[in-house]
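Two complexes come next, and they have one chain in common, chain A, joined by chain B in the first and chain C in the second.
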Partner chain A sequence: MTDRRTADPTPERGAPATPSTDGAPVAEPARGRTTLLRGGGIRHVRWTVWAQRYGALAALVVLFVYNAIDTPFFLTPQSLLFVLLRQAAPIAIVAVGMAIVIGTAGIDLSVGSVMAIAGQVGATLVLHDQPFLLAMVAALLVAAVCGLFNGTLVARFGVQPIIATLILFIAGRGIAQLITGGALQPLANPEFQWIGLARPFGVPAQVFIAVLVAVVAWLVMRLTVFGRYVLAVGGNEAASRLAGVPAARVKLLAYVISAALAGLVGLIAVSANSASDANNVGLGMELDAIAAVAVAGTPLTGGKVNVWGAVVGAVLLKLLQNTLISHGITKEVAQIIEGAVIIGALWLQRHEA
Partner chain B sequence: MTTTVEVPGGTSRGRRVRAGLLLQRQGALFALVLLLAFGAARYGSNFATGYNLSSFTGDTAKYGLVALGMTFVIMTGGIDLSVGSVAALGGVVAIKVSEHGLLPGLLAGVAAGAAVGALNGVLITRLKLQPFIVTLATLLAVRGLALNLAGARASVAAPGGFQKLGNWSLLGLPVAAEAMFLAFLLGAAALHFTPWGRQVLAIGGNVDAARLMGLPVARTTFSVYLLSGALAGCAGVFLGSQNGSVDTAAGLGWELTAIAAVVVGGTLLTGGVGSVLSTLVGVLLLQLIFNLIVFENGEGSITISSYWESVIRGAFLLVVVLLQVRLVRRRNATGRTT
Partner chain C sequence: MQGINKSFVGVPALREAHFEVAHGEVHALIGQNGAGKSTLIKVLTGVYAKDSGHIEFDGREVAFPSPHAAQLAGLSTIYQEVNLVPFRSVAENVFLNREPKRFGLIDWGRMNREASALLHRLDINVDVTRPIYEYSIATQQMTALARALSTEAKLVIMDEPTSALAEQEVQTLFRVIRQLKSEGISVVFVSHRLDELYAVCDRVTVMRDGRTIEVRPMSDISRYELVSKMLGRELAEELSHRRADDGGAVPDRRPVLEATDLRRGRALDGVSLSIRSGEIVGLAGLLGSGRSETARAIFGADPPDSGTVAIDGTPLHLRSPKDAVAHKIGFAPEDRKTEGIIPQLSVRENLTLALLPHLRRHGIVDGRRQAETVDRFITAIGIKCSSPDQPIRELSGGNQQKVLLARWLCTNPKLLILDEPTRGIDVGAKRDIQVLIRQLADEGLAVLLISSELEEIIADSDRVVTLRDGRSVAELTGDQISEDALMQAMATGAAADDAGPDGTSSGSRA
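And then the complex of A and B:
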């Protein structure tokens, strides 16, 4: 793929055996304009390191404050919960799965197609008078099978992740369309659509789900063996294998998680739209999710998973877009600025090395 | 044709590897010939008409030009995701400028693409950013730029010179198709007979070694992105002139079609290995599947939904990828035993 780890002088040799899940402000002994002991070498922590780690969050805070002052009705629950967070939640959920896959030095291009498949399966089952719970579980299982397919290609056959997931990216949407011959399926099933329309305690259900997913993923990455294994495999797969890490199984599971989360978001999208539209559900989602992960400063070369960074990245990009649009800047120009922001984030990230 | 794969010979295993390598290199060509024969046998004279040939190649030309640029980028171990957006930009710019004439429009479209390619190249070589994410960012930004230029509407070309370019035929083939074939021939020649071509492969094979040998790594890497951008812009010009317009969804997903064609052609994504003409075969093959589906539906005996097209393409990619994996593994195993 694009991996040039040999070429760029990242401080891999000095790094600890298990790189830190950054974004969690505990593991680092010191930060700011001080020195930091890392693997025996003393090095200056430049502002760029700070910017790389917290830049996305800082940018989010700045944008938030700016909007609070400048945009009328921004600080209302309606605007915050039902516009900003409700729009960001699906991207955040997919981005969390993407962050884990990227942590293993992989990528998952198939998330949008998996969303479409899961949505179609769920909607079709509900429309055929199956219980809503069965429909959801079946949809998630189908999504997980898609992840199994991706993971098998990557982990067992050693296919490059971008190509392995490209297969399902291309074929998956066709499969989703074939389920109904491309026709839109309108549906009205309050129980099924709970995840897209309900508002427990006045908060949209998908925001709850996104927070739940992020908390669970964060805990899994920090506390479980799997979480450590992901970082080890992404940091140096050969070394991790020699150290007895079941690298193939770890990668397989990462793709299954990513696909299952994409399936969940597919169900949310179908519920929120009150229709399953295989032609459009999840279009471009892979790019949004990758951008959310990248803008938070997570290197695409693997070895790092920043769950909250992915969430912050998703909210940041959405808020940036909404801010620009609410100031009369067209969606197209907003897209140009979004691209520039991603490049800027990358540039900061490069300076860490 | 394909380069820098050394073939351990002698043993029976070596022979099997050689047969396998032949399949990897020329498998797409075999499949293409088989499918063409199948089409000719099943649909008879309708399939083999000049009309089908010219509309098929004319339509394929756009994807071919994009895939050609992608081939060189992938040979250096990089990737260019921005080509679809660049094609849209090239088309929009060409239509705008074509009010002043056909040639300025054509040149402006290509130049716009080359400018984006140059931006990609600078970001990747000077700032040393990852190609995947740089071109992802330009994918977003350039589509925004193209839509903004077009006023978020489809750009429609004035009838006349510019549209003639798309419908123009020379010796029975559309000019677009001839441009594609010519570009591929030039590309193959450049890869095999110029220092630049050898540098591209050397960089993809081992960038550190290439740098230590004193090769102009940054300049060559820059040039492949420039070329990819220019070719994508050119593809956009043909798109605009064939359709007479460039709509807001133009070029969406082209990058993945191009990558698939490159992979089907047998170029490894790890860089350092590849064949230009095999990419041409890959493009023709993937497009032919679509063409055959159209004919099958025309027969009327069974109806294949066009949604099958993407499923079949995906399945095809799967088969090719699995074949490649087997071959690479067997080659490695042989390398160890001999």
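And then the complex of A and C:
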């Protein structure tokens, strides 16, 4: 989460920052006080501010409690750590990078393809008997170069982010397949696969990594000059430039971070699968990550970065998916419900001044 | 148009304004920013509904419900930013929404033939099947004009049509305007370039504060009179320079800034000025004379095509605001909202945005020093906010402006460029800011002050450089600074002919 005080969505002067305790659950956003006073009644404003800030978390708690009561074996380490969190961790990591890019008023559609490229590079090097560390570093570097490509298009050449990153979204998967001619590469290298298979202290390594990434990103956004610059550039690029902010460099770095994190998740994915599959690694990841950011109430128009919101959003969407599937709802219907939840989140954003 | 009133949320934009254009007349409409020109045009063309008043067009009382209705009635508007569809052909743009059809399908042959003929009438010979973006702005404007003609317009309104044109293209436009006139079509011509008004217009309507101030034949009014009507100053009331006491009291100091012969496109055509430490130099000129462009060129935001900017005697090549900030130049732009504040960030973050590189230790913001700086400036210049954490968009305009001033002051600049620092803020805050600027100058800061308010320029400046049509045309110092002299310079660029008593005369004559 970014500095809450700076990114405060409070649209009403003097509206208390403390959340009201009477907010309706976020899962039913259409219920209750929807009288749209022009200019916003105090009560209404409080409710939406609260919902924007904590809505995703509240929804997660509600869903969690429901599962705890209704789903057999939900409250077991196996189910929580090895199903829910292990599955949510990759999305959360990518979503953190996505949140930063979105903070600069951009978007990164290439993350899924970058995952595939990084996974292929890492796996190929390991299979050619290179040291596992070299393989990982090389994979992350290649991913960072992808980010450099995206960032250069956006920051130097002024290409719209959605178009600029669409290029690698399409071409990137082709590149990944070319690396091995598209063949599935089985892996068996415990050191390389540590990040996907190990369980230090009984917790999957990727969960640790996700928490670490989120903490670091949160600190960077809160404490560093770069963090302030991201918010400034996303909030008003023209004004930032005139204040001497190196806007192009800030945007470039945001895309590099996003791609490097995607590369990291690519390594996790091939490790966890014990195989590198250029066709399927990271498929649809860009949308999961964007959804995780959006569900947490972060506007896609930039100027705000909510790191923990992105993490909560990732876990929420995963839990929602798992809940629906474990209750025998077909995948197709589950997808529709997920879409509805995202619409709910956007509905909340609509109220922002 | 008679007795037109129009208010926006209680703020009157037009007060009993009247406006009249004869058949086959080219009529100039002029006024400062916010004088009500655009509102008047928009009321006429059905963009806004009037609150009260009468509009007669071609002998009938009208109230167009939409711009489209106005267009159908024979009233066409050509805006500053040409509204064309770039990737469609010239012909398609001419006939947009009114394509000639045969059996429900577009009759391409007829459309191209007629578009060609229309443009030919304007003496423009282009391939009408090529997409419009391939042609110059002038041709695009001609296309917009051709569109107007094809609707059988009786009145064409041109809103600053020349602002994007090159000199030669302007001549083409004038030729077309004269031709329209000979065909009995009336033209309303909005421009800030006085030369152009005299070149092509028959009569002029001057607006100020939502009122119609003057309607006169162009041949009957001098440039000086025109400017004084626009600015609302009569020849008689001649306020003299209030800072005569210490005019030229700093001759021994070396210039902080020397800008020589700055040129950029058509906006800047040779601007030279110098500012010494402790001096406030006013930059005067009519709208469109290149004031903000000069500021942006010096600051590196829109680097000049040619000319030099020297700081402390060292010529620099400032290619971006970042370079300028590194050389201790600050710039508070004219448009606070779109170029100044970062709305959702707090007062603290907005205030320290330019200072951040200096608050950094290993990339991390030194929160304590940041808080100290912010507290110091909030107290020192009296920024009213509930706390430094309050988002800046919740502050009043005056307080936002104070935060933006503080943004630069905390970087301890040598030169501060202020573009309309008191526009749109309340009287109290305005006074505060003016006092602050003087204090800072007394402490040695060099200030370039841009304002369209003559009083402000006169009251606050030690020296005034006047721009006309992108060129610095006059320099006034000390007692020479008066409304009369300023208006003379703005209108004709030949006011005070000698340099100030201090001997600095850099670029005072074009």
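Operating definition for what follows: the second predicted complex is superposed on the first by the 308 of 353 C-alpha atoms of A that agree within 3 Å, B and C clash if a C-alpha of one lies under 4 Å from a C-alpha of the other, contacts with A are read in each partner's own complex, and residues count from 1 in each chain.
Here is the rule we use: a contact is a pair of C-beta atoms (placed from the backbone, for glycine too) under 8 Å apart; a residue touches a chain by one contact, two chains touch by 3 or more.
Since the structure is predicted, the reported quantities are computational estimates derived from the model, not experimental observations.
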item: Which superposed partner A:246 touches (first chain B, second chain C, both, neither); value: second
item: Chain B versus chain C as contact partner of A:330, first or second or both or neither; value: first
item: Touched partner set for A:303, first chain B, second chain C, both or neither; value: second
item: Residues of chain A touched, compared between chain B and chain C (which is higher); value: B
item: First (chain B), second (chain C), both or neither touched by A:229; value: second
item: Chain B versus chain C as contact partner of A:76, first or second or both or neither; value: neither
item: Partner chain in contact with A:170 - chain B first, chain C second, else both or neither; value: first
item: Chain B versus chain C as contact partner of A:238, first or second or both or neither; value: second
item: Residues of chain A at both interfaces, chain B in one complex, chain C in the other; value: 6-8
item: Complex interface listing, chain A residues touching chain C; value: 5-10, 13-14, 223-226, 228-229, 231-232, 235-236, 238-246, 303-304
item: Footprint of chain B on chain A - complex, ascending; value: 1-2, 4, 6-8, 107, 109, 153, 157-160, 162-164, 166-175, 177-178, 181-182, 287, 290-291, 294, 300-301, 330-340, 342-343, 346-347, 350
item: In the complex, chain C residues that touch chain A; value: 299, 301, 320-322, 324-326, 331, 333, 338-346, 348-349, 353-354, 356-357, 359-360, 363-365, 367, 386, 389, 391, 394, 407
item: In the complex with chain A, residue positions of chain B that touch it; value: 77-79, 123, 127-134, 136-145, 147-148, 152, 207-208, 256, 259-260, 263, 269-270, 305, 307-311, 313-315, 317-318, 321-322, 325, 328-329
